[in-house]
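Going in written order, the chains are labelled A, B, C and D, and every chain counts its residues from 1.
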Amino acid sequence: MAVKYTTEQIAALLEKVSNWGRWGKDDQRGALNFISNEKRAAAARLVQSGETVSLSLPLATRPSRDNPRPVTHLMIRSGVIGHPLESSGAADYFAIEPHGLATTHLDALCHHFWRGRMYNGFDMGEVDFQGAHKCAIDVCREGVISRGVLLDIPKIRGAEWIEPGDAIHPEDLDAAERDHRVTAGEGDVLLIRTGRFKLRRTKGAGAIALGAMPGLHASCLEWLHRRRVAVLGSDAISDVLPSGYDAPLRMPIHTGTLVMMGIHLIDNAELEGLAEKCAREGRYAFMFNPLPLVLERGTGSPANPVALF
Amino acid sequence: MAVKYTTEQIAALLEKVSNWGRWGKDDQRGALNFISNEKRAAAARLVQSGETVSLSLPLATRPSRDNPRPVTHLMIRSGVIGHPLESSGAADYFAIEPHGLATTHLDALCHHFWRGRMYNGFDMGEVDFQGAHKCAIDVCREGVISRGVLLDIPKIRGAEWIEPGDAIHPEDLDAAERDHRVTAGEGDVLLIRTGRFKLRRTKGAGAIALGAMPGLHASCLEWLHRRRVAVLGSDAISDVLPSGYDAPLRMPIHTGTLVMMGIHLIDNAELEGLAEKCAREGRYAFMFNPLPLVLERGTGSPANPVALF
Amino acid sequence: MAVKYTTEQIAALLEKVSNWGRWGKDDQRGALNFISNEKRAAAARLVQSGETVSLSLPLATRPSRDNPRPVTHLMIRSGVIGHPLESSGAADYFAIEPHGLATTHLDALCHHFWRGRMYNGFDMGEVDFQGAHKCAIDVCREGVISRGVLLDIPKIRGAEWIEPGDAIHPEDLDAAERDHRVTAGEGDVLLIRTGRFKLRRTKGAGAIALGAMPGLHASCLEWLHRRRVAVLGSDAISDVLPSGYDAPLRMPIHTGTLVMMGIHLIDNAELEGLAEKCAREGRYAFMFNPLPLVLERGTGSPANPVALF
Amino acid sequence: MAVKYTTEQIAALLEKVSNWGRWGKDDQRGALNFISNEKRAAAARLVQSGETVSLSLPLATRPSRDNPRPVTHLMIRSGVIGHPLESSGAADYFAIEPHGLATTHLDALCHHFWRGRMYNGFDMGEVDFQGAHKCAIDVCREGVISRGVLLDIPKIRGAEWIEPGDAIHPEDLDAAERDHRVTAGEGDVLLIRTGRFKLRRTKGAGAIALGAMPGLHASCLEWLHRRRVAVLGSDAISDVLPSGYDAPLRMPIHTGTLVMMGIHLIDNAELEGLAEKCAREGRYAFMFNPLPLVLERGTGSPANPVALF
């Protein structure tokens, strides 16, 4: 089942799935172009009960093994201030590095490079000390509202979770679609559940090897390209780690999606509640709304994606 | 037209519009309770064309007269790193104080106090150095998805904008509803356009008196209470400033909404594009999605609210 | 040798060593008052060779077991910026929480409270959201220049280091003075070496129990009081931990020095190089210069104390 | 009196004052090498009364015209915390960009580039996203203890301050030396008073043209080189601004000192108190101690330099 590509084969595969030039040489939105107005209107028509599920972890303010640099959250004013006349309100401050393994966030297309290039061939030098001058997260300014589709891989494997280091292959995606009676298609936000957070809660963060992640094998890239998904998300970081490839191909899914196809990634989405909801409802498609912050020149954004049923 | 309340009258008015206890003594969600599943489903049914409008200002990383403490945005890695093998991606960091006059954000109910209390009678001491132990912004975890209604006050006054310091009265809200053929009701997110950002762009930030803001007069509190709106937003900060009242009643709309009614506020929403869209479409109601970050114990969150038509 | 005080005995001891009122009821400088101009001039006369030893750890920008919230150090500009014309220089940014176990820093007298009070009886409410309105670190604005005296406890015990949790008693201080032919006296900066960083480098940070520290037993308070030392420093945090006492007496040395005697503390000083130098020179007194930053309302400051021989 | 160099002449002058290679091709300490142990010992022998003067501005936590990005100072714990049992102490956090016009700081040699190079010919690419791999501020780890010499330029011109934009020439330095009966020499820390902070306090920050600074004319470079000063400081930023030269030669004193001679700079030193002290004492030389923080890879450090008389 598992194809073991050579580095050359991966490089060839990356060329094959490229969307560079597909929406013009100046395009910075990539596969977001698959989300048409009609696609959004159709996503809204999926709403029946009006129930919601948030896919966001709380912002992690405490350090842990997989979160060495937690969010700094400090108070500016509060109700326990000494001078009563001033205590009319409370305010706070937070400092965050959205990337990594602890924050639910969107990766901008400028987050990853391959051979000195980012999506659509822009030079990686377009990201400098002022931030990203191309393909920054603010291309998602209008939100990423579309149909969301969940594929619950542990469910179809009869497991509680996919073990860190275990790869998901196109056959798994096909099997999940058959089981869930859903087909991922053009403009969809595709969410892959690995059960990572169920494992983490069951065994504790300390029991999980640093750097090991369940995720998609490189052979899924062609599947994603064929289906024309707009955005890919996961409760891990989409790539299986270790991937079996060395740098700079250490994360072929990141390279294939962000750089070649222009597919934004959602990392560290909390999918346990969503999976339960989908199983209970017997449907795995829903209206989906991640609304990243408008951080011009940003390489990503923390987000609170919400599924609406 | 303008009622000039005494401080005692304001205090009595605040008691009159109180929702304390309305949803139980432990409730921390306030008027969000007006947003039922059915309300959300109905909001989704408003979607026709699938077009979107973002109401978020870009995160303001440069200081200005009304933004003395801008967002700190710094790069962690980029494409111009010295060591080529490591330059496989870019990442950044930002630090933000969401409140103030420069960031599009939601105010949590714990953001404001009155006589030592926050919404539902919780003691202001519940906000301490660890943050807010009651009424934090994470009560909006599932998003604030509902029907949005825009009332464009400059339009009905035949002006380009409301001057800073000019108050909006219930009669203005009624007139706008008549003009727009819309009626704000239970569970709606009500957005009040003052044209602040049109003024700011036309005359420059330096031309606007510090501390002066167009906004609602205290006499609107009963109107808001009667209509059972869930959330109130504005392109300013909802209160007219100066309000004519001294501390601690300096911002009676903040006190009446956040503390007494449990109505979350959206401050500094960019409503120019939305107003143009509404005028063009001839409709002032739409599906509305602000999805604040899940910052447990936070007093507010930056947000990118998006209207869907 | 080890006295085991009851809580009541400690409380009585704290009263006994109190310097409250000694320099007037408004005094915020505490035992810094022991450093006269003549004391500083005498310290300068100690200088012979002009050789220097820094007692500062590098600011710790990586997380470790004893440094969960490391310094954030990010670049604003650098030599690898994309736009050549702008690359005339480099600049950076750092964010720091000086207290804790990882940064060489001075504790301001406002850093610690006892029964709601700080040094000289000031109410702990004087430290609020704006910072410390009394006894802030800027009382050290003119520097803490004086005679420094090192007492090397492992040396007189014939050990490489004092084990975490092991207490140092007045007898140890006396023995070290005899061995080193030095007597700590009025206005001195007294530095106690425990060998903590030798242990940490030998065994690794992971091998040391969290919360265990070598340090002074409460019975040293009277010794310190009698000697009229101005400032106390250590390569740990002066208190032995666990101290054998529960909160709020968990750190009796902190309480006795900062709160009762008005003695500033230097935590996490790197004393390995200094100890080698003192042993080589056969002298344990030197000119000492910690110059904390002038952070008005600050509760402490990172510092680079330098000993001059 | 004022020489107007052409750009070519400046470039030639820069070559002439170069210390590249003087202390070996790997040297990163530059003119700090002029401070010998004997120099430090001699500096200590200058101490007579033991009186001290701090040259540090308080860290500026409020924005002003010349401080658009002030220090962020926030509290982590304080005496007004809600839960009494935890209120045993106070701690804080600060975030700082040391460079600019508001913080008393040392510039590391890596802070400035000229034709792609920093001091001793190191490539500017040695400063990347990890910080400075060469010539970082931690080369000052042992402090910059030496003789300090103040030249009070307004005094010898009979003015209260030097106007922003007015240049100081070698003749001024010579005249000040004669007046003060002092001669700057090898290894000295030379401090140039312009009276900038007297002007700022008298007229207000708003009255001073942005970007205009009193300071040394490029013709002083040879003087500095001849005298072999180790460090140069000022109550402004050493360069007169506008300098009359365009980028990249906009700050020829920065280029000549940091890049060519390897002279560290002290910017924004508060020299009013020092000038009064020197005038009162009738002596302009003293023991000088700036002890920058040990920020490995840092491009500078806030500092509290203290003069000892």
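Here is the rule we use: contacts are C-beta pairs under 8 Å (C-beta built on N, C-alpha and C of every residue); 3 or more make two chains touch, one makes a residue touch a chain.
Not measured: the values here are computed from a predicted model.
> Starting at chain B, find the fewest moves between touching chains needed to arrive at chain D.
1
> Which chains does chain A share as contact partners with chain B?
Looking at chain B and chain A together, the chains touching each of them are C, D.
> Can you give the rotation angle that fits chain C onto its twin chain D by Cα atoms, in degrees and rounded to the nearest 5?
About 180 degrees of rotation relates the two copies.
> Over half shared or under half: which fits the residue numbers at the contact of copies chain A and chain C, same or different?
same
> Quick one: chain C and chain D, Cα centre-to-centre, how many Å?
Once rounded, the distance between the two centres reads 29 Å.
> Report, in whole Å, the distance between the mean C-alpha point of chain B and the mean C-alpha point of chain C.
47
> Going by the touch rule set out above, which residues of chain D reach two or more other chains?
72, 75-76, 78-82, 93, 95, 125-126, 128-129
> For chain B, which residues are in contact with chain A within the complex?
Touching chain A from chain B are residues 36-45, 47-54, 56-59, 61, 72-73, 75-76, 78-80, 85, 87-99, 104, 110-114, 116, 118, 123-132, 138, 141-143, 145, 247-248, 250-251, 254, 287, 289-300, 302-306, 308.
> Which chain C residues qualify as touching chain A in the complex?
The contact residues of chain C facing chain A are 62-63, 68-70, 72, 75-78, 81-83, 95, 125-126, 128-129.
> Along chain C, where are the residues that touch chain B in the complex?
Against chain B, chain C makes touches at 72, 74-76, 79-82, 93, 95.
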